[in-house]
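Labels A, B and C are assigned to the chains in the order they are written; within every chain, residues are numbered from 1.
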Amino acid sequence: MARSLGELAAQFGCELIGDPGVTVSQVATLANAGPGRLSFFANKAYRDQLRATRAAVVILRSEDAADCPVPALLADDPYLTYAMIAAELHADPAPRGGVHPSAVISSGASISSSAEISANVTIEADAHIGESVYVAPGVFVGPRCRVGNHSRILANATLVQDVVVGERCIVHPGAVLGSDGFGNAQSQSGWVKVPQVGGVRIGNDVEVGANTTIDRGAIGDTVIDDGVRLDNLVQIGHNVQLGAHTAMAALSGVSGSTVIGQRCMLAGRAGIVGHISICDDVVVGGATVITKDITEPGFYNGTFAGEKDKDWKRKVARFRRLEDLVKRVSKLEKQSGKDSE
Amino acid sequence: MARSLGELAAQFGCELIGDPGVTVSQVATLANAGPGRLSFFANKAYRDQLRATRAAVVILRSEDAADCPVPALLADDPYLTYAMIAAELHADPAPRGGVHPSAVISSGASISSSAEISANVTIEADAHIGESVYVAPGVFVGPRCRVGNHSRILANATLVQDVVVGERCIVHPGAVLGSDGFGNAQSQSGWVKVPQVGGVRIGNDVEVGANTTIDRGAIGDTVIDDGVRLDNLVQIGHNVQLGAHTAMAALSGVSGSTVIGQRCMLAGRAGIVGHISICDDVVVGGATVITKDITEPGFYNGTFAGEKDKDWKRKVARFRRLEDLVKRVSKLEKQSGKDSE
Amino acid sequence: MARSLGELAAQFGCELIGDPGVTVSQVATLANAGPGRLSFFANKAYRDQLRATRAAVVILRSEDAADCPVPALLADDPYLTYAMIAAELHADPAPRGGVHPSAVISSGASISSSAEISANVTIEADAHIGESVYVAPGVFVGPRCRVGNHSRILANATLVQDVVVGERCIVHPGAVLGSDGFGNAQSQSGWVKVPQVGGVRIGNDVEVGANTTIDRGAIGDTVIDDGVRLDNLVQIGHNVQLGAHTAMAALSGVSGSTVIGQRCMLAGRAGIVGHISICDDVVVGGATVITKDITEPGFYNGTFAGEKDKDWKRKVARFRRLEDLVKRVSKLEKQSGKDSE
């Protein structure tokens, strides 16, 4: 959708340097932008690209305006303003209300007339699909699931059963919400499955990444609060609670019954054990394992950065002989004590 | 399904304290239970909840009965007994025999009349679906796959080809069984794919988690023995063998041709390299990497717990300078030798 | 397809020891092979199996021919030659041109007449499916995707939109290509989604594993070059570039905007942070985290091997007290300086 710079400046509260009549219809990088393209400058590493850009307009901080050879929209947080303007320019197409003839809808399901149900979708009894919801091809919506208004459930995703998705959510392709938690009791003759009978409750404005899995509660629900962001291949165990606006990067996971506060961030491959509690505003580094409650906000870490194998092996060898080193130091101390006598 | 406490006590061999005529139809947590709800008490941390519970009945050890304000079923292992009773109360609905008209079944496939084949399923030639099997919407069952009696293949799961699933198994949504193993030979001009021609054999009473992947053998089969439990997002490489009742938590993986014994447990994100052998009754800690054969049962570990980044960084810096410390100690030792002369 | 040893020797440039008229039609392991089966010997650990094999023919190095009781095809790299011959014997069936009546194809899509579109597939507008492409059941091909000649898109895989797949590629079941990258801007009221508007470009002869996820670029494309091999459950972030013939094992991941060179190999669970650059010919060990640019080819590592928990805990305890040890050594040095005075 083409917009004039004057309109954008007014709508997003930015000062405009340049011709308000110029229009933009798409975003582009500084390096590749041309007429009709909007770009942004937030990272100083790209200053040379800014100076050479041919974008129709660049969103940037006022202090960088002097380096901009084209019109500029001034913003305190150019990346945030870019996100909001880009969402205008690249809005998802509005769902076309209606059910594709190849979709199989239980007579017990209720589908808003403004919702778009695509080809090869299956929706089971007592499911409810809200207004202007888009359900992509191949999706399965199981019994008693509810999808809130304006949400998008993308291709081949699965809502197993008793999954409530709020409004304006996006469930990316292949994600599985509401599968059984990993509950097993030991018996003499092996594992006995512990029936998983809870559901999943997802707040508003939540995004669930591709092939991510969110288990239903064992008893009671797994709860994902408003504004949470889950990347791809994330695992959420049964009865986990994720506080509002918490974000988890790819391949991270949270084990059963753990409660995580608001605005936490887990980097890629971070893992949180089960049955613990993490307070608000905790950041966990990549691949770090958290094994105990965290009660103080801050950055937590526990990984070594990879290095040349030869160097690493030498360090590991030293680490493995630390006990020896401690003994040698103790001996020296004893000796030194004697020497000093 | 509603059951009386008297019936449950008789069926599961528990002593009942209370009215045998009271009925329960669902499970609930101690805190949320009310009339008609069954709960259990196995973790002392919840004793206050036990004392205040309004459940119709609580399963607990006889020594805890005094704290229970409502009827009690006495059991040596309350969690195990709970699992078994909950399975009665919350039994999966019996499959309705028949094939949904939207399912596409090869004329060369054989489907038991008691099996339920759901909407948008595809089943290819020479596949066999056993008695009372439930195949959920969107599932693909490829050539020469066999699904044993009473198993459940859940939404959008894929059995690629030559996958044999035993009886009473559950394959959770999005799981992929029988995909090609990661076999590549190096050549001057890049990787040459090594054809993967084996299958997957899954025993009885196995559970495969959502979006978990189990590769077919390169030659010969990948084998998952009876009673194995795989959580979500688990990777099983080609020609792996998992012994009976072994359990793997989410995001763990086993590389090709590794043989794992019976009753092993891998915590979340554990990884086992290829071509090794792990004996029975091995427990591997979260995120731990096992690189060599294990021949002795026990608990194996190799991770650091995350901590405040500032503290962690200081430790890592010390670790990186261990070599220096060793040299300083050696120098002191030499000096001390001289001093003592 | 049955082939005579004489034909195979001529086609693959191997010297044949034995009867050229013998035919083989399938591969097998040395231990399980019988008449009509071809095997290979590349790993000395299996010499006893070689000596006892009943294969119709074994591919091996000339120096091992004396241990082979059956016909032999001599090759410098038996595994590579095996891969090429096995591909002949076990060729994928040629696609049967045509669209299954249950597939839903947008009138705006173009499908080559030699392509096979299976049951329950959905293909959207402006998608193009090349010659002799096989699209398996349950696949979704979104708007503006292009699949090159002779590629195979396997069951329940998803090409979201703007995904270009080259020739002779294999996309394994459940893989998701073109999902939104993890782009979020912070605002006072929580995360604001940064629209992801780029695509995915996959070269020729690429293999993408089961349930692997490759995000579309934020702006511009995510690029996977020719001959890349991705195992199962791999995560590729937005705007990543993977050089030709790079291979990534299961559960590994690369964060956004990172550029990886040619012929790199990432072992299982390796992780590369975002916005860095890795040169050609880098090997990253299992579970290793790379946090900085790598400019020198070689093997990089950063993991500890798991060991008995008791032993590991002792080492970790020493590690946690390293600071103390350093202080003790410093004190000794000071003292020693005095002593020497």
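In this section, a contact is a pair of C-beta atoms (placed from the backbone, for glycine too) under 8 Å apart; a residue touches a chain by one contact, two chains touch by 3 or more.
Not measured: the values here are computed from a predicted model.
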item: Rotation angle (°) superposing Cα atoms of subunit A on subunit B, nearest 5; value: 120
item: Copies subunit A and subunit C touch via same or different residues, half shared test; value: different
item: Gap in Å, rounded to a whole number, between the CA centres of subunit C and subunit A; value: 25
item: Set of subunit A residues in contact with two or more other chains; value: 102, 120, 138, 156, 174, 211, 233, 251, 269, 287, 303-304, 319, 322, 325, 329, 332, 336, 339
item: Subunit A - residues contacting subunit C, complex; value: 26-29, 32, 77, 79-80, 82-84, 86-87, 89-90, 100, 102, 118-120, 136-138, 154-156, 170, 172-174, 205, 207, 209-211, 226-227, 229, 231-233, 244-245, 247, 249-251, 268-269, 286-287, 303-309, 312-313, 316, 319-320, 322-323, 325-326, 329, 332-333, 336, 339-340
item: Contacting residues of subunit B [partner subunit C, same complex]; value: 102, 104, 120-122, 124, 138, 140, 142, 156, 158, 160, 174, 176, 179-180, 182-187, 190-195, 197, 211, 213, 215, 219-220, 233, 235, 237, 251, 253, 255, 269, 271, 273, 284-285, 287-292, 296, 298-304, 314-315, 318-319, 322, 325, 328-329, 332, 335-336, 339
